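Just below is one structure, and these are the notes that go with it.
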Amino acid sequence: MKVHEYQAKEIFASHGLPVPKGEVATTVDEAVAIAEKIGGPVMVKAQVHVGGRGKAGGVKYAEDIEAVRKHASAILGMDIKGLTVEKVLITEAMDIDEEYYVGLLMDRASKSPMFIVSAAGGIDIEEVARTTPEKIHTLVIDPRYGAQAFQARRLAYGVSSDPAVVKGMTKALLTLYRIYVESDASLVEINPFIKAKDGSVWAVDAKLNIDDNALYRQPKIEAMRDLSEEDPSEVEAKEAGLSFVKLEGNVGCLVNGAGLAMATMDLVKYFGGQPANFLDIGGSSNPDKVVTAMKIILRDENVKAILFNIFGGITRCDDVAAGLIKAVEMLDVPVPIVARLTGTNEEEAREMLKGTKLHPAATMDEAVQLALELAGEGK
Amino acid sequence: MKVHEYQAKEIFASHGLPVPKGEVATTVDEAVAIAEKIGGPVMVKAQVHVGGRGKAGGVKYAEDIEAVRKHASAILGMDIKGLTVEKVLITEAMDIDEEYYVGLLMDRASKSPMFIVSAAGGIDIEEVARTTPEKIHTLVIDPRYGAQAFQARRLAYGVSSDPAVVKGMTKALLTLYRIYVESDASLVEINPFIKAKDGSVWAVDAKLNIDDNALYRQPKIEAMRDLSEEDPSEVEAKEAGLSFVKLEGNVGCLVNGAGLAMATMDLVKYFGGQPANFLDIGGSSNPDKVVTAMKIILRDENVKAILFNIFGGITRCDDVAAGLIKAVEMLDVPVPIVARLTGTNEEEAREMLKGTKLHPAATMDEAVQLALELAGEGK
Amino acid sequence: MSIFVNKDTKLVVQGITGRDGSFHTKQMMEYGTQVVAGVTPGKGGQKFEGSVPIFDTVAEAVKETGANTSVIYVPAAFASDAIREAVDAGCRLVVCISEGVPVNDMAVTYKYVKERGAQLIGPNCPGIISPGQSKVGILPAQITAEGKVGVVSRSGTLTYEVVDQLTRNGLGQSTCIGIGGDPIIGTGFLDCLEAFENDPETEAVVLIGEIGGDDEERAAEYIQTKMSKPVVSFIAGRTAPPGKRMGHAGAIVSGGKGTAESKVKAFEAAGVRVADKPSDIVPLLAESYEPARKALEGR
Amino acid sequence: MSIFVNKDTKLVVQGITGRDGSFHTKQMMEYGTQVVAGVTPGKGGQKFEGSVPIFDTVAEAVKETGANTSVIYVPAAFASDAIREAVDAGCRLVVCISEGVPVNDMAVTYKYVKERGAQLIGPNCPGIISPGQSKVGILPAQITAEGKVGVVSRSGTLTYEVVDQLTRNGLGQSTCIGIGGDPIIGTGFLDCLEAFENDPETEAVVLIGEIGGDDEERAAEYIQTKMSKPVVSFIAGRTAPPGKRMGHAGAIVSGGKGTAESKVKAFEAAGVRVADKPSDIVPLLAESYEPARKALEGR
C-alpha cells in the first residue's frame, strides 16, 4: 500500500525529521488559504500514487498567490497516468543548495533492509542506478540489530563532508529505519533530501510504501488508504481475497495460483490472443470467491470469453465447480465459458459440471485455444 | 533505580496488563476515599523500596472502611528497615485461587535477559530457588530477537494447563519483555500473578528496577524517582559523580576505584577497625569531587579519621591533592587525615602536600594502620 | 534418494486442527508420510484422527515423538513464531505453507533459521514431495510419480501443471519442491539446484521461475558454472505489466528489474533451454535428457 | 609472548580528541604503543599531536592504517555504537574504557562482537598492558615491568595496587588485564586464564575478583580442572553489605548470591590460595612459584 506524500511527511515530522511547512488542499480556495498562511513562495504538488508527476506537470513553483491559484486550478482534476488528482500539497518552497537521495528498502538479494544514499538527489534514482551506478551507495542492515549510528554516519560521510549535512543525514537515516520498522514498510525514501542555502537540511519529498501483508497490524496507516487512487475492481477483488489486475485484452482469465495465472495469460498471448486480466482466486476454496471473481471479470465489456483454469491442490475442484455453477445461475453470463478443472477432487467437479453449458477442456493448451476460438479470435 | 509498586502498576496497566483497581494515598483520609471509590474489601500496601514489607506489617487486608482507616493510620509513618512509609497503595482485594511468579531479569551467566516462572508464587522467589529449585522454570532470551510468543507459551504450559492462565501468562511474559526493553529495566516482576476464583488473571504485585546507566534516556521513569526513599548522602554523592554507601564504622574512606575502595574497607576490618563508608570518587580527576566527598564523609559524626587511598591511573594524584588541599582549606576538618597517593603524577602530588597537616603514607597497609591508630583504635 | 524429505522424514504438523491443516494432514497420512505429531496450543493430549498425538508446543512434540521436520498451516500472523518454534524445538527442516507473512518478519526469521543451522522452505509455498517416500505440504500427490526428474518452482499450481505433464509423459520425479512466491524465502533456487546436483537419484531438473527479483538470473549462472545435469526452465509472467504485483508478493517488475525477458535471456546465455509454454517442457527436456526423448518416442 | 596485545598491536583510538582520550593516547604513545590512527567524527583529516591521522570513521581508519585493535574513550551513551563500529571495521580486539554503558545495550553488543569473531575487553575497564610491548587503555605503565606473571582483575586501581607490589618485589608481568566491573563484559576470567595457560611466557597468574556474579566460582573450577600454572587470588568486598551496589554496576551481593565468602570458598576448594590482603599476594605466590620465593628472599 502507498500513502501520499503529505501523509508520509506527517509521519516523518512526528518522528522529528525536518519537513517544510505545508498542508493538503482539495480546492483552489483551500490551496490559496494555505499558501497565505505559509507566506512566501510555495510549491503546488499533485498527490497521486504514480511516479513522474513532475514531468506530467503535477508539481509547480508558485512565486505568489496568483500563481498558487493558477497552478492549483490546473493541477486539481488533472489526469496523471489514468489517475485524477484530487488533492494538492501546498508547501514552503525551499532555497535549494544541494540535493541528495536517501532511502531504505527490502533488498531481496541480502534478504535484509538496505539503505540507499546518493549525492545525485532530486532525480529518478532508478535512472541514476542504471546510468551512473557509482553514484549510488548502499549498505545492508542486519535486521536483528537494526540500523547502527556508525552505519548511517559512514553513509553520510560517503556523500558529504559538510558537518550539517552529515549530522542531518545520519539522523534522517536512523529515523527512516525506525519508521520503516514501526510502520512495516517495504520502502521509505526522501528524494530530495536537501541542504538549503542557509545550511539547514530538509526532507523535501517523502515516500512510504507499506507491506500489504502487515496492514492488519497497522490500523493507523491502513486508515490513510486512498481508495480513489486505486482501481475499484482491484479493491473489490482484494476485499474478497482475490488478486486481480486489469489488462487490455478480451479473454477473461480466472485461475487459481499466481504462477498458473501468469502462465495462462502468457499462453493466451502465445496463441495470438490478449488476456483481459490477471486473476488469482487464491489458495482456499470458497465458492463465493468464484462468484465475486466472475462479477469482476464480467464488468469489463471487452471480455468475449471466460477461461477457467484450475489446478487443484489446496483449492478443491469441486468447490470451484460449485462456485462456478452458482455464479452462472446468479449472473446472466453473456459470454462462453471454458472450464478446465484438474487436480484435487477433479472427478467430483467433472460430475458436477455435466449438463451445464460450460465448455470443458482437458489441458491448458486446449482450454486456451478453445477460449480464443469462442472469443472469435482463435488462430 | 527502583520505582514503587503503584508506579510499576501504572506502567504495566498502560501496556495492557490486568492490574487490580487502585490508587496511592499519602493520608488516611485519601486512603478512605480511594477505598470507598473502589468499594468492597481492599488491600492497604506500604510503598517502600525494601523487601519484606509484608512481614513488617506493611501490607494489610481491610474488609471495610473502618479497617482501611485503621490500617492506613498504622502503616503511614511506619518505619520499615529504616525507611518511613510516606505512601500507601489502596487496591482491590482479589479472591485468589492460584498464585504464580513471573519475572524477567538480566542473567549474568548467559549475558542475556532471562524469564523466571514458578507455580510457587506469592512468596520470596529467592527462597523458592534455594529450597525447591525444581519449582523454578527459567528461559534465556536472545536479546537480538527478543522474547518469542512460543517461548512465553512454553513457560506458561510448564506451570499450568488452565487455558486462561496459559493465555494470560503468555501475554504477561511478552508484555513484561516489552516493558523491560522499553524502560531499560534490570528486573521486572509480578509476584504474585494470580488466577482469581472467577478464572480471571491479575498482576497483584509489581516490581520494576531500572538500570541506572540508562536513566539518561528514561526521563519519564527518572521523574518517578522517590528521593525520600534514598539516603540523602548517597543521592548527593551520586549527583556529584561519586559512589557512596554508608556503613557503621569510624574510619572514613575516600578511594578512587570501587575495587580498591572495597579492598581498603576490607583492610580496615582486617586490622581490627570498622570502615565508616564505601566511597569511590570515580575515574575522572575533578578536584570539586574531593571536596564533596569530604563533606559527605564529615557529615557522619562517628568518623574519627579519614583515609585517602588513591592509586592514580585515569585519576591524577595531583588533581586529588589539589582537591584535598582545597577541601581542607574550605572545611574545618576536625579529624586527622591520612593520605596515600600513588601512581600517575604522584611526585607532583607529594610536592603539593608537603607542609600541610596531612599524614602521608606509602602503602595501603601503612595507611590503614596509621588511620586506625589516629582514630584511637589501632591494634 | 531425493532431496530434503524422504522415508526418514518424521513430521509434526503445526496447526493440525485447522481447516487446511486437518485436510492436508489426512492427505499426507494417506500418502504414507510419517505424521508423528500435531501441535495446536490448548489441544495438547488429544489425538488427530484417533492416532496422531497433539501437543501444546512443538518442543513437547519433538521430545515425545522424535519429529525432525515440521509443516506449518497456521494463520500468517502466527507463522513467523511457528517457524521459530519449530527450529528452536530441533526440527531440521520446516516447511511453511502459510501465505501473507509480513516480509520484515521474514527477514529476521530467515536469520534465526540460518543461525541455528536449520532449513526453511517457504513461506507461501505448496511444500515438497519425494514421490513414493514422503509428502510435506499441499502438493496433490496423485499427479506425481517416482522417478528421476527434479522439479523446483516459485509457483504452486503451475508446478502441479508441469509435474502432471512430466508424469503423463512417463517421467517420474525424484523430488518436487515449491519454494514459494514471497520476496524472502528460506530455500531458493540455488539451494535446490545444488541439492539436485548432489542427489544421485536426480538425472535432470525442471526449474519454473516467474517475474520479480533476480533469483532466476543467479540460478542461470549457477547452472552454467556448477551443474552437470540437464536443466530446462519456464518463466511465467511474460505478459505481466510493470509495477503490478501479480498475486505473489514477490512477483513484480519494478524499476525495470525482474522482467521475464531478463530471466529468459540469462537462461539462454547460460545454455539453459527455456520453454515458451508449459507443454513445451517435456519436448525440450527430450533434447538433452535421453529418458525424456525415449518417453516421448514411446507414446 | 603475552596475551591479546603485543608488539604487533596497531591501535586506533576512538574519541582521541576528548579529554581522557587525548591524555591517555599521549601516554600510550610515550610508552611505545603503535597508535596508528584516531577517530573523531567531524575531525577527519586533522592530526593528533602532529603525527597520528584522525578519521571520521573507524572503517576509514582501518582501511588507511591497517589498525587491528581499537580502544574506546567515548561517552557511555555512544560506547555500544563505537564497539560495533570497531568490530564492523575489522578490528579483532576492542578495548572499551567507557564507564556507564547500559547493560541491555551490552547484551546485544556482546552478541554482535562474538558473532563476528572479534574480542571485546570491557566496558568500564582500565584496559590491558603487555609490559615492554604495548599498552592499550589507562593502566599506569610506570608500575609495570616485563616479566612472567599474568594479572587479571575485575577492578581498576586495585589492579594497579597489586601490579605495583609485584613489580616492587621484582616480579614482572607478561600481561596485566583489567576486565571491567560491569555485569556484562566482553572478556571474562575464563578467557584470560585460558590465554595465560596457553602463553608460554606466562608462568604464574594473579586473579583479582570482587563480589557479585559467579565468575570467580567458575574461574575456580576452570583452574582446578584445566590449569597447570600456579594461581593466587584476592577477593575485594568482604565487608560490603548485601543489596548495595559497590561502585561497579556488577559488584553487588543480591539474593544471597555473589558473596566474597562464596568466592573464597570456591577458590580454596579448588586449591587456589586466596590472599587476605593485597600485600599477602606476593608471599602466597612464593609458596607455589619459585621465582617469587627467590624474589622475596633476595629482598
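We call the chains A, B, C and D, going by the order they appear; numbering starts again at 1 in every chain.
One rule holds for everything that comes next: a contact is a pair of C-beta atoms (placed from the backbone, for glycine too) under 8 Å apart; a residue touches a chain by one contact, two chains touch by 3 or more.
Being a predicted model, the structure only gives us computed values, none of them experimental.
Here the chain-to-chain distance from subunit C to subunit D, counted in touching steps, is 2. Taking B-C and B-D together, the pair of chains sharing more C-beta contacts is B-D. Among the other chains, the CA centroid farthest from that of subunit C is the one of B. With centres set at the average Cα position, the gap from subunit A to subunit D is 55 Å. Centre to centre, using the average C-alpha position, subunit A and subunit C are separated by 28 Å. Under the contact definition stated at the top, the residues of subunit D that touch 2 or more other chains are 108.
With touch defined as above, residues shared between interfaces to two or more other chains in subunit B number as follows: 144-145. Because contacts link the chains in a way that matches no line, ring, star or complete pattern, their graph is best described as other. Checking each pair of chains for touch leaves A-B, A-C, A-D, B-C, B-D. By the touch criterion stated above, subunit A contacts subunit B in their complex at residues 144-145.
Listed in rising order, the residues of subunit D touching subunit A in the complex are 41-42, 44, 56-60, 78, 81-82, 84-85, 88, 108, 112. Residues 20, 24, 76-77, 97, 99-108, 110-111, 126, 138-140, 143, 153-161, 164, 181, 183-184, 208, 210-211, 213-215, 234, 236-241, 244-251, 255-256, 276-279 of subunit D touch subunit B in their complex.
If you check the complex, the residues on subunit A that touch subunit C are 106, 108-109, 111-113, 126, 129-130, 142-144, 180-181, 184-186, 211-214, 216-217, 243, 245, 247, 255-263, 265-270, 275, 278, 280, 282-284, 310-315, 342-344, 363-365. On the subunit B side of its complex with subunit C, the touching residues are 145, 148-151, 153-154, 157, 161, 163, 166.
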